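Consider the two complexes below, in which subunit A is the common component and subunit B and subunit C are the respective partners.
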Partner chain A sequence: MTEEILLSKMVEFLTAIDQVKKYRKLASALIDFALIIVASVVVLLTLHLAVNLLNLYGISNVSSNSWSVAFSNILILCIGLLIGVVWVGQKTDTVKTQQWKNTLNEGTPGALKLLQETNWENIFRDIRFAKLGFVLYGIIKVVAYWLIAAFISVILYGFIMVNIFHFSFDFNFISILIVAFVFVLILSLGDLRNRYEQVGRLDSLLWELRWFEREFRRTDFQA
Partner chain B sequence: MKGNSGEPISKPDLYVLARVIKTLKEKNRMNKTALATSTGLSYDRLIKYLDWMAQKGFIAFDSNDDVVLTKLGAETYDQLVKWILQYIGKVRFQKLT
Partner chain C sequence: MKKLWIFLALVVLVATQVAVLSSFSSISEYTWADESVTVVISKLVYAHLRVKVSISAVGNSGTVLLFSNGTQKVIPASSSYTFSVAMPNSGFFGGSFSTQSEAINLSDDHPINVAFLSNGTFTQTPYWETDKVSVYWFTVQGNAHIAVEGMGAGF
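Right, the complex of A and B next:
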């Protein structure tokens, strides 16, 4: 019975470590994610530049404020965000988990082996990186949603003003940005709260493991 | 310490000890060759561990020279489990999603 408790505790420990490894991978994929978002913004700006240049040289007559350009803005940002999320998901999926299962099936000897072979410093470093990655990933995601929400708001505002109230399409971009930001914040509240709690859990895990590593290494089993 | 040289074991690897005792607990008694195979140890290394364990009173050899786990050996294994649990049992692992 005691051995079963030990093994279930070991499963908890190793599962938490696997999750930390995934978060660590998430942190390293963060640069890719940020680059994909920046690249989609660059594509979007290039599109505007191209439209303006074509208009300037009289090759085409598409206004950069036209619906088609506005929709393509959203489409580019959405595709960028989607590619980023899928990319990060694929990166974290490459983390091999439960590789300890066979060793732990040996029972207490396996648990001992896994504890002896644990590289604690790596784990502590991974947890610190995981915390950072987890927070930054959330922030970048909110920024990306914010950009999309801002473009959708501009389109909606324009549509309502021009087609319903028959006013000219004149808007204050700063106020739209603020409204979009508040809107995205409200929608992302659950995700942000979850991230905040997860960071707290990672912090707590770090302290618990530090204590365990120190105590376990300090004492020697006297056979 | 590694047991590959001719020297006796001074500080045994707990993992190897635990494997030997666990195998003996499950099979009750075993001959040395079968025990080496079951534990994945080389025969020479196993013999060194068995010598050390016999000195400590964890195992004994019967009339056929088979290895038998003593009461002390079984108790030591239980103590080992409790020793690890004493530390890991106190850790509250947070459920990460």
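Right, the complex of A and C next:
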């Protein structure tokens, strides 16, 4: 193997490891994301409780089924989702990448030094966590989009039924939930497929690295 | 680990909020009064209820409201009268309970109720309270549109 091929393979390997570090950070930021989404649901339910209590005690006449409350629901969920995505993005951006660049510029000795300093067990563990985080993040995102889609569907349905067809606003909530879920699934299909393929790539990376680690240790021992 | 406990606390909070929200129920009942209709608003004692009653006199003759305390209110022809009825929590009892009649249909799942009785057949004492049920009623005489809208909660 020439030095050029070795270095290009090392760049490929270290870039993949950087990506794994980012996914690992994503996995650790997942609980923050879930906290933000659940907190926005708490805010939404608090709004409904406040509106109902104010009605009950005759302080206000705003119905919890009014358009203003419905739009507030969507706004709260959208803001929660936005904060969550930005928060996770910031967390993953804090991962320092390409720190190996200077060492690799030294050529083969630099590449060997990087390989010898690699903590393989940590990398294997990071890949496993990265896979988990990557999948869970996708699922939580779909659920959050589903909530928003359900609220928008209820508002649209109510608007069409009451204002256009002049029917009563008596809807089947389960049907709307199912329609919203299918709609979100169709929209998220590309993202879900990417995640599935990425998890497959992480699996391959894990097995290739395990094989490489074994070979590298054996070669190192013989040398 | 600390974040997981916060997450658990938030999930418990959401479950509690959903449980409290499910105890609210809204009332929206309408009817056309023809000659005489008695409106019976009832609730279980542990429930809280507030409704807005709107009566629109229809036709050339006026409409008369006969309240359970004996007072009367005359609504001139083609005009409306609106008033609120608040029935706060007035007691507590354990165990399940249900009662069903033409005027009062209450249970733990349905702690507030509004019923319209044609020809004023409700003959209970004006505002009677048992240890489990509270009732408020009034009679509308004449042609009118009656709307009862509001909210109740099982606490």
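We take it that the second predicted complex is superposed on the first by the 218 of 223 C-alpha atoms of A that agree within 3 Å, B and C clash if a C-alpha of one lies under 4 Å from a C-alpha of the other, contacts with A are read in each partner's own complex, and residues count from 1 in each chain.
Going forward, a residue touches a chain if its C-beta (ideal position, glycine included) is under 8 Å from a C-beta of that chain, and two chains touch if they have at least 3 such contacts.
These figures come from a predicted structure and were not determined experimentally.
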Since both structures carry subunit A, what do subunit B and subunit C do when superposed there: clash or fit? fit
Give one of first, second, both or neither to describe whether A:Arg201 is in contact with subunit B, with subunit C, with both, or with none. first
For A:Val85 in the superposed arrangement: first (subunit B), second (subunit C), both or neither? neither
Look at A:Leu49 in the shared chain and tell me whether it touches subunit B only, subunit C only, both, or neither; answer first, second, both or neither. second
Partner chain(s) touched by A:Val41 [first = subunit B, second = subunit C, both, neither]: second
Using the superposed model, give me the angle at subunit A's CA centre between the CA centres of subunit B and subunit C, as a multiple of 10 °. 160
Determine, under the contact definition given at the top, whether A:Phe216 touches first (subunit B), second (subunit C), both, or neither. first
Can A:Val62 be said to touch subunit B (first), subunit C (second), both, or neither? neither
After superposition on the shared chain, which partner residues are touched by A:Ile31: those of subunit B (first), subunit C (second), both, or neither? second
Given the superposition on chain A, which partner contacts more residues in subunit A: subunit B or subunit C? B
Please work out whether A:Leu192 is in contact with subunit B alone, subunit C alone, both, or neither, and reply first, second, both or neither. neither
Determine the nearest approach in Å between the Cα atoms of subunit B and those of subunit C after overlaying the two structures. 29
What residues of subunit B sit close enough to touch subunit A in their complex? 12, 14-15, 17-19, 22, 56, 58, 76-85, 87-97
Contacting residues of subunit A [partner subunit C, same complex]: 31-32, 34-35, 38-39, 41-42, 45-46, 48-49, 52, 55-58, 63, 65
Please give the residue numbers of subunit A that touch subunit B in the complex, ascending. 2-3, 5-6, 9-10, 12-13, 15-16, 19-20, 23, 106-109, 111-113, 115-116, 194, 198, 201-202, 204-205, 208-209, 211-212, 215-216, 219, 221, 223
Show which residues of subunit C lie in contact with subunit A when the two form their complex. 3-4, 6-7, 10-11, 13-14, 17-18, 20-21, 24, 26, 48, 50, 84, 86, 150-153
